[in-house]
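The data blocks that follow each hold one structure.
One chain, subunit A, appears in both complexes that follow, with subunit B as partner in the first and subunit C in the second.
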Partner chain A sequence: MAREGAAARPAPLGVRGQVLLALLLAGVWAFWQLGLSWGDLVPSEGGRAIAGEFLVRAFSPALSSEAEFVPPDAPPLLLQAWRAVGATLVFAAAAMSLSIVFGLALGFFASTAWWSCTFPAGSWIARTLYVVARTVVALMRSVHELLWALLFLIAFGLSDLVAVFALTIPYAGTLAKIYSELIDEAPRDSARALHAAGASGVAVFCIGLVPRALPDMAAYTFYRFECAIRASAVLGFFGYETVGLYIKQSFSSANYGEVWTYLYALLVVVLVFDVWSGRLRKRLLA
Partner chain B sequence: MSARVEELRRARPRDGFLRVSCALIAVAMLGAWVFGGFDFGDTFSERRADNFARFLHDIRPFPLQGREWDFGIAWEWATDLLARRGFDAIVGTLAIAVLSVVFAAVSGALLAVLAARTLATAEPLSVAAMRGGGWRAAGWNALSAGVRLSLIVMRSMPEYVLAFLFLAMLGPNAWPLVLALAIHNAGILGRLYAETIENADPSAPRALRGIGAGRRQIAAVALWPAALSRGLLYAFYRWETCVREATVLGMLGVVSLGYWIADARNREHYDDLVLLIGLGVVLVLAGDLVSAWVRRAVR
Partner chain C sequence: MTGTDFALEGVSMRFDALTVLEDVSLRIDAGERVALVGPSGSGKTTLLRLLGGVLEPTGGGVRIGGAALAGMSPAALRAVRSQIGFVHQDHALIPNVRVAHNVATGRVGRRGLFGVMRDVLWPSRDTLAEMHALLDRVGIEEKLFERTDRLSGGQRQRVAIARALFQQPSAILADEPVSSVDPSRARDTVELLQSISRDDGITLCASLHNVELAREFFPRVLGLRDGCIAFDVPSGELSEDAVAELYELSSNEMLADGA
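Then we have the complex of A and B:
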């Protein structure tokens, strides 16, 4: 009897416990592999000076330029910060508008829901389109936006429009992936009814499926918009006139007050967007 | 029939906030194109076409430049580069991604307990606490609101900017990258974990509270175990992103794949650059596969 009781006891580590343990062990391996030591977390002499000076200025961000030489035609710092934030938003909004269009188009082909209505199951046309769309989406997504930006920078030179394309490619891919998954998971009842009434595949997709998945799609799109703002800010490190450019420039010339001005400007924009999209999420998914 | 449809259309639920938000976003997108100052003529100019033609020439593997394409030589060139740079770069990138996601998940799980509206109150898990007053209640509310605000601030800073700033202070080792990724992702995971805890079935934690368990005991015995499955799911989702980001952060000057990409750019070895980006694609796709596999096992 005791043996039976023992057999019924669950294993000391279930699948989840094993995964957790493996993850922690992988963390230990990574720590050793990277040659890290806790001591390196304390900055060296020079690093400590920079850190001290920089962190102190968090409480007194610059309100006017700190540079020793200010060109006479340079705009005041706050106006400059305002423009940098504006440029960041312009890049993000332009890229998102393209991403939504391409994401929807690619998501259409990358979802299984539409062609199962139009083509008989296992049709080679549907299958080819699906596989091609999935592969294209995976390739678009798997190169980071900054690497696209770098590639385009080398191939075409510095151009705002090209930077927008660099943001668009991975974002359209990600949107297409998530859209297609959401559409595939949406309830199919209205789609089946429309199909039975003789509607075409495109009509079934647009009227029967997309509206059912729309709240989730909209919520995710807002979240990606927030990510696009961050990504667009970082594009500045590659020479585009977004917030990142000025953070890099001011930090390199040790004008730490200015750095904090730009950091706070970026923070405010992202915070507003975070809170806004959180509210929207709650309403959309209520 | 159509009158009935019209009636239904008028009676549909409407949300002013949603409408204004969508209108604002649409206007922003349109405005970006109209007033953004994009120079379409310059983008499609001859100069850029020439630049592109030169780029296409430059990405041809170096030993094959100015001669017939030969797969044998191309293969030798590629394997040589991967042997010299590829292996270390991949291991470094993976290690950075793993370590930062472990730090992010652990600190996210700890912060989530303080951020969850159900637990971080004067009287955890009870309905009465919602109405309760007094200094103690105010203190708990302030603490949990403060933690939630710090989570937002943590996730709102781009990893690249954080890594850039840390690099100047900590010097060129892997810590700046790990810290930057860990902070950003702890902000995201902390929020998700807090939501998981808030939405969890309250019966077990309430029962524990009833027999006198403290917050730490409730978290350790009831909340974390119940949230483990989702917690791992989210952590692996974020790990996929970390692999992507770790590749790029190396461009700041720390040995990951990005370091060798930036190095190839500085030497203008664009053939190497494209091959290394291709290696990054393989790494990211492999990471996605592993993550999808683990997530299916955990679910």
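Then we have the complex of A and C:
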């Protein structure tokens, strides 16, 4: 206790400091719990050989098929890679288009601003619907897209539409969460002005509030699109015709050169998307 | 266009424990021009928001155009608000859209969400011509399709006025419309508001920090202090003593702050 008259000294560890310390301790505890040892990072004899072989091929990716038996009607490797990344993009684009539509609708309902604009203050109906919306959004996000893909694969079999939905559910949930937070954090001045001009609650929300959040919403959507391209690539490991399928096949036949060809093709697509989205963002938002 | 009249009858406004306005009664006739002066925190903004039907008083009653706001349905209240153009201190524009889009939002009370969407995405020739004429009137015609955040503070102020005018209001309430522009532009802006009010016959009530501007452009000056009306006089009869007394405390405070 500070003596009366003495200058009060702030506690050496404020609330923020305590939280950070707790997080650090949790991390240490997790390492200890898992019994991690640095020795695990040293590969076994055989593993080292395979890893070496694989890494060396990074410098000499395959330009034509390395398989021992190539069906006569099979497309050349580079065309195959081109088609595979194309399919990867198509899956990602389809999933993102749906995710944006659902993400916007759910994002509106999961924001506090929507309910305060459309319902009188303190309405328990608004409160309930808000909690329902947030719960739905949380449930959609809580299962990873690959887990959805696995569940759907078991339930519906291999179908492109199902793959798109496997991506859409968690992505729409994530977009909805971020959209709702961006809308709630957006400046309120233009919304107040529209309210004063006699706008309805829905109009105040849609014209006064959402445009203020749109630049950030667009930026985040571009970032999620990039994530969707990667996720769509990995869907191939479940048998969908994205680049992951070919990576898996080439890898299991130890055709490492082909693996690198596909990886580089994916890298090029992600880089091109990055440059394109960066330019688009600048044009839209600058 | 004709102006609307306002009446506050024994209005009090409390925010939790804080009393901002205490038993204020006043009438503003249709087409009148009233300046609201007083130190910061005297209740000017609150008074304007009450006049605009945006705030509901905690005591007393507000009448706009003869109709009592108390007990009005939300739709009727929106209809009243759509008659009143509000020029906000911080302009309250949407920065990342074109000027024309901001202007279009002014008519949201009459046109509704979809009407405004139409005026934003595919405005009719008449609407465009109207917007052009409005921007010409406020002196920034060439800026109609400029992005709003590329404009200077003074130009944004004019966009805010154009938005209020696009509303086809019967009254304009302006909250410190010139607090963010330099003195010569402040004069231009107040002059513009005055000429709009005079030419269109619409009621104008503006809060101002600058008593000289109030005296020059407004026939009636209303002094607010600590939530009460300190004076309500024709501007010709406003004495220096009354002004000095109105600002006395706050100017001392400013000196004490070392401002």
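FYI, the second predicted complex is superposed on the first by the 239 of 286 C-alpha atoms of A that agree within 3 Å, B and C clash if a C-alpha of one lies under 4 Å from a C-alpha of the other, contacts with A are read in each partner's own complex, and residues count from 1 in each chain.
Assume contacts are C-beta pairs under 8 Å (C-beta built on N, C-alpha and C of every residue); 3 or more make two chains touch, one makes a residue touch a chain.
Being a predicted model, the structure only gives us computed values, none of them experimental.
Look at A:R212: by the touch rule set out above, it reaches subunit C but stays clear of subunit B.
Look at A:D189: by the touch rule set out above, it reaches subunit C but stays clear of subunit B.
By the touch criterion defined above, A:A197 reaches subunit C but does not reach subunit B. More residues of subunit A are in touch with B than with the other of subunit B and subunit C. After overlaying the two complexes on the shared chain, residue contacts for A:F225 are found with subunit B alone; subunit C is out of touch. On the side of subunit A, the complex with subunit C involves touching residues 189-190, 192-200, 202-203, 206-208, 211-212, 214-215, 285.
By the touch rule above, subunit C contacts subunit A in their complex via residues 49, 52, 54, 78-86, 88, 90-97, 105-110, 112-113, 116, 163-164, 167.
By the touch criterion stated above, subunit B contacts subunit A in their complex at residues 15, 17-18, 21-22, 25, 28-33, 35-40, 42-43, 47-48, 51-52, 55, 91-92, 94-96, 98-99, 101-103, 105, 152-153, 155-158, 160-161, 164-165, 168-171, 173-175, 178, 228-229, 232, 235, 244-245, 247-248, 251, 261, 265, 270, 273-274, 277, 280-281, 284-285, 288, 294, 297-298.
Every residue of subunit A that touches subunit B in the complex is listed here, in rising order: 15-16, 19-20, 23-24, 26-27, 29-31, 33-36, 40-41, 43-44, 47-48, 50-51, 54, 89-91, 93-94, 96-97, 138-139, 141-144, 146-147, 150-151, 154-157, 159-162, 164, 218, 222, 225, 230-231, 233-234, 237, 244, 247-248, 251, 259, 263, 266-267, 270-271, 274-276, 279-280, 283-284.
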